[in-house]
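We call the chains A, B and C, going by the order they appear; numbering starts again at 1 in every chain.
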Amino acid sequence: MSSGTPLLQLINIVKRFGAVVALKGVSLTVNRGEVVGLVGDNGAGKSTLAKIIVGYHQPDSGKIIFEGREVRFRSPADARRMGIEIVYQDMALVPYMSVYRNLFLNREIVKKFGPFTFLDKKKMKELTRQLLADIGIKHRDPDVEVGKLSGGERQSIAIARAVHFGAKLVILDEPTSALSIRESERVLEYVKQLKSKGISVIMISHNIYHVYSVADRIVVLDRGVKILDVPRDTATPEEIIDVIAHRLDPKKIQERVSRAERVPA
Amino acid sequence: MFLRRGLSTAAWAGIVIALFLVGLGIGWAVGKWTTPTVTKTVSITKTVSAAVAPKTVTQTVTVTVGATKKPQYVFYFISHGGPGDPWWAPVIKGAELAGKLLGVKVIYEGPRVYSVKWLVDTLESAAAAHPDAIIITITNYKALDKPLRKVIAEGIPVIAVNVPDPRPKPERIPYLAYVGQNETVAGYTLAKYVLKWFKEHLGRYPKGAVIAIHEVGHIGLEMRAAGIQLAFKQAGLTPPPKLDITTDITKAYNILKAYLEKHPNVEVIFTLGPLGTHPAMKLIEDLHLKGKVYIAAFDVDEKTLKCIEEGICIATVSQQPFAQGFLPVVFAYLYVKYGIRPPDHIPTGPTIITKENLPLVYKQIKTTGGA
Amino acid sequence: MVLSFESLSSRLSSLRRIRELGVFISIVAMAIVFSALNPKFVSAPSFAAMLSMAAELGIVAIGVAFLMIAGEFDLSVGSVYAASSMLAAWLINMGMPFAVAFLAALGLAACIGYANAVITIKGGIPSFITTLGMMWFIRGILLAVTGGFPVVVQRSCPALSFLAAPIAGGFRISGIWFVILAILFQIALMNTAYGNWVQAVGGAPETARALGIDVARVKTINFILCSIMAAFSGLIALSHFQVVEPVAGQSLPLEAIAAAVIGGCSLMGGVGTIAGAALGAFLVGEIRVGLILAGAPAYWYIGFVGILLIVAGIINLRLTKRV
């Protein structure tokens, strides 16, 4: 956790799809090097919020302030330029292509040969090897088809790609949902590494326990409204689950923040 | 390590080319090995009568004999008529029979779907086999001009069948002979016969006519239609229009029915093959149009002949397909073996089949499978 | 290089992973069989015939494969082949210089390719349907306009004849065009950024879009290139035969797709190489000539191609799924 100006501030974001109001004035702050767990039941608006942050959708009203300046993203490319990336659960990598091709997709390293531009495969493979080593995937050939890697490795590679290209804020959409326990651990480890590098993460997940293992703060959305925004240790995972399931009044937990109550770890 | 997946397809291409050549070598060797040549020593005793004393001279002649049962010659018969076309079945039969009788291996090549490209590609491939003769339909003389001249220049005799090169002798492809009749001439002859028949039996020309074509774009059918239209034009009549009846018999029936309803003055339906004759026959029977609308047909099959017998069909044209298969093989054989040059043109038709000459036709069908 | 058992078996498994392996083996196997059946298979005229057929199918297969890898089909290539060459023939007969006829033919193809792209992408219709409809539509126009009769090149046009001009030993320049185009497209696919995008667009279009690739633009370009290749092949055929029939090229789309698949391209996109498609086309030519020389009915080749296609499909599937 760090201090200083927040990296991202969403102020009163409203988003409508036809007659349906997906987000009814959501505000959110993400600090540098902070991991925010964004949770809530289906239809709560988590995906919509994420898509607005990455520029896929434009909010109907509300402000987005990134690194202290108000911004308006017209497309994901705009957001990417500012350093905001999203790693989708199942849309991160092209399974039939090799690791290095995936890593550098749409950001290929090229070399010129007269008037022609060709891929600099040597450099890309080298960088890929380095990156794989950084993530902790050893003995991996950059030529290997991504589809042949395990789910955890794929997820890590996708995140590493975002990081490598200078993301300051990475949004993870259900990163562990399709993974085994061992692989989930690996990914969560990697997420912690990101934190140590000063990169902020918003993690959307249904698995509260996974969220708990990395998050600094928990934000709960319910039908387009933010109903809870507390430091992680303010509540237990079970309590969060109860809040989502409408079995527990979120105000009771929110109060604890002002009283600086912490749940024993 | 060095055989990585990404390793240039170029290197792999090199390897496969090498293997390909090795494979060819192996195959070539195997091919040669399985056709043994046997050397026989034959003694020929010659009695030489000299003025003074008869001398007996023994000459030894070495004869190389190929493996048993090897035919004397190999001819390729390349035609635009493919396996699915019933008209060409007697042609294939005729060619194969001639081959059997003469000890010639006749390889018949016909397309699944005809195209000029198919014809030229097949010719060039067959020429690579350097056969003893090539018999081919000059379906498109422009496309075949250069390739055939090349084949002839290589010393392979060529006989044209079914479709000739229409240009005058000094310009046309220098094949040895042409066996067959022209589809356009067939159409022309039939139409002329029909017009004559109308004049003789009804004292006038038909008030209206239509050509039912069952495969638009099929070169043979288009030529037949063109011949019919030419005959009408020459007689000062409006050439009958072409009606696409498709190869589907139900569709054909309905298309013809609709056409007749719209054009009640039509008295002759020209059908370019059994695929047209059958639905037309049924239509005339169903609508009781016998005596009001006639059919003039091409090719011969049971139903068509019955149609003639019943008087619904004025006549049908036979191109003598069996002869078109049989004769070119015979002439090629005579040329290759004995050096006998065939005549420029050996006509095989058109034969107009009417009620009068039906019995002969029945015999032909029985014996050759077609007419 | 230590030839231990492990390194040998890992070499063999990387060998298995080469997508073109199937077509390689087939080419060599067929060569052995056909030359055994008729030693004349091993001769210059035989190769010349093979290469000539391979070139005309292959150039179309190159375009079809490049589009297939981007995840789309083009069944209208046969009709474009006929329409473009017919346009060129008409223009040449009218006295236009060859350059005009050539550009017009390619231009027509580009327009048809663009139309295919727009209808498929904007209309949301599967390319299979779009191009099937386009195929029939164009074919219908050709048949109606020509009345079923072929269009013959009546003027002497040396520039046209150059396209498929014979060079030594019965070979034709078309073989050279084929090889050059195969190399160019293979490089474009494997060694350029654009090629990377093509593979991504075919393999996982949503992912590609999420990463900022303009999927519509990539597909459109490939549709246009595919049609242009078909037109070029048509012009080569026009040069070779001096005539184009309205029914020309009817079996082209399926044969080109078969060549691509036999060469390792996946019908679902994202996988495959141009080199494979080119080899697939060569294989088809090899089988055609081999059967004729063996004295078998020439149309058996389609039966062979069918079996090879099925086998290739099975191999492709196992290669992609194998971990």
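Points to keep in mind about this one:
Just so it is clear, a residue touches a chain if its C-beta (ideal position, glycine included) is under 8 Å from a C-beta of that chain, and two chains touch if they have at least 3 such contacts.
These figures come from a predicted structure and were not determined experimentally.
Relative to the centroid of all protein Cα atoms, the closest per-chain Cα centroid is that of C.
Comparing the CA-atom centres of all chains against that of chain C, the greatest distance is found for A.
Distance from the chain A centre to the chain C centre is 44 Å, each centre being the mean of its Cα atoms.
If each chain is reduced to the centroid of its CA atoms, chain B and chain C end up 32 Å from each other.
For the pair chain A and chain B, the distance between mean C-alpha positions equals 73 Å. Of all residues in chain B, those that touch two or more other chains are 4-5.
Looking at the complex, you find that chain B touches chain C at residues 1-5, 9, 12-13, 15-16, 19-20, 23-28, 30-32, 34, 74, 76, 82-83, 105, 107-117, 120-122, 124-130, 140, 142-143, 145, 150, 216-219, 222. Of all residues in chain C, only 1, 7, 11, 14-15, 17-18, 20, 24, 27-29, 31-43, 45-46, 48-49, 52-53, 56, 143, 147-150, 152-153, 170, 186, 237, 240-251, 273, 275-276, 279, 288-289, 292-293, 295, 297-299, 302 touch chain B in the complex they form. Listed in rising order, the residues of chain A touching chain C in the complex are 76-77, 80, 86, 88, 91-97, 101, 104-106, 108, 110, 117-119, 121, 147-148. Interface residues of chain C, counted against chain A in their complex, comprise 187, 191-193, 195-197, 199-200, 203-204, 206-208, 210-213, 266, 270-271, 320, 323.
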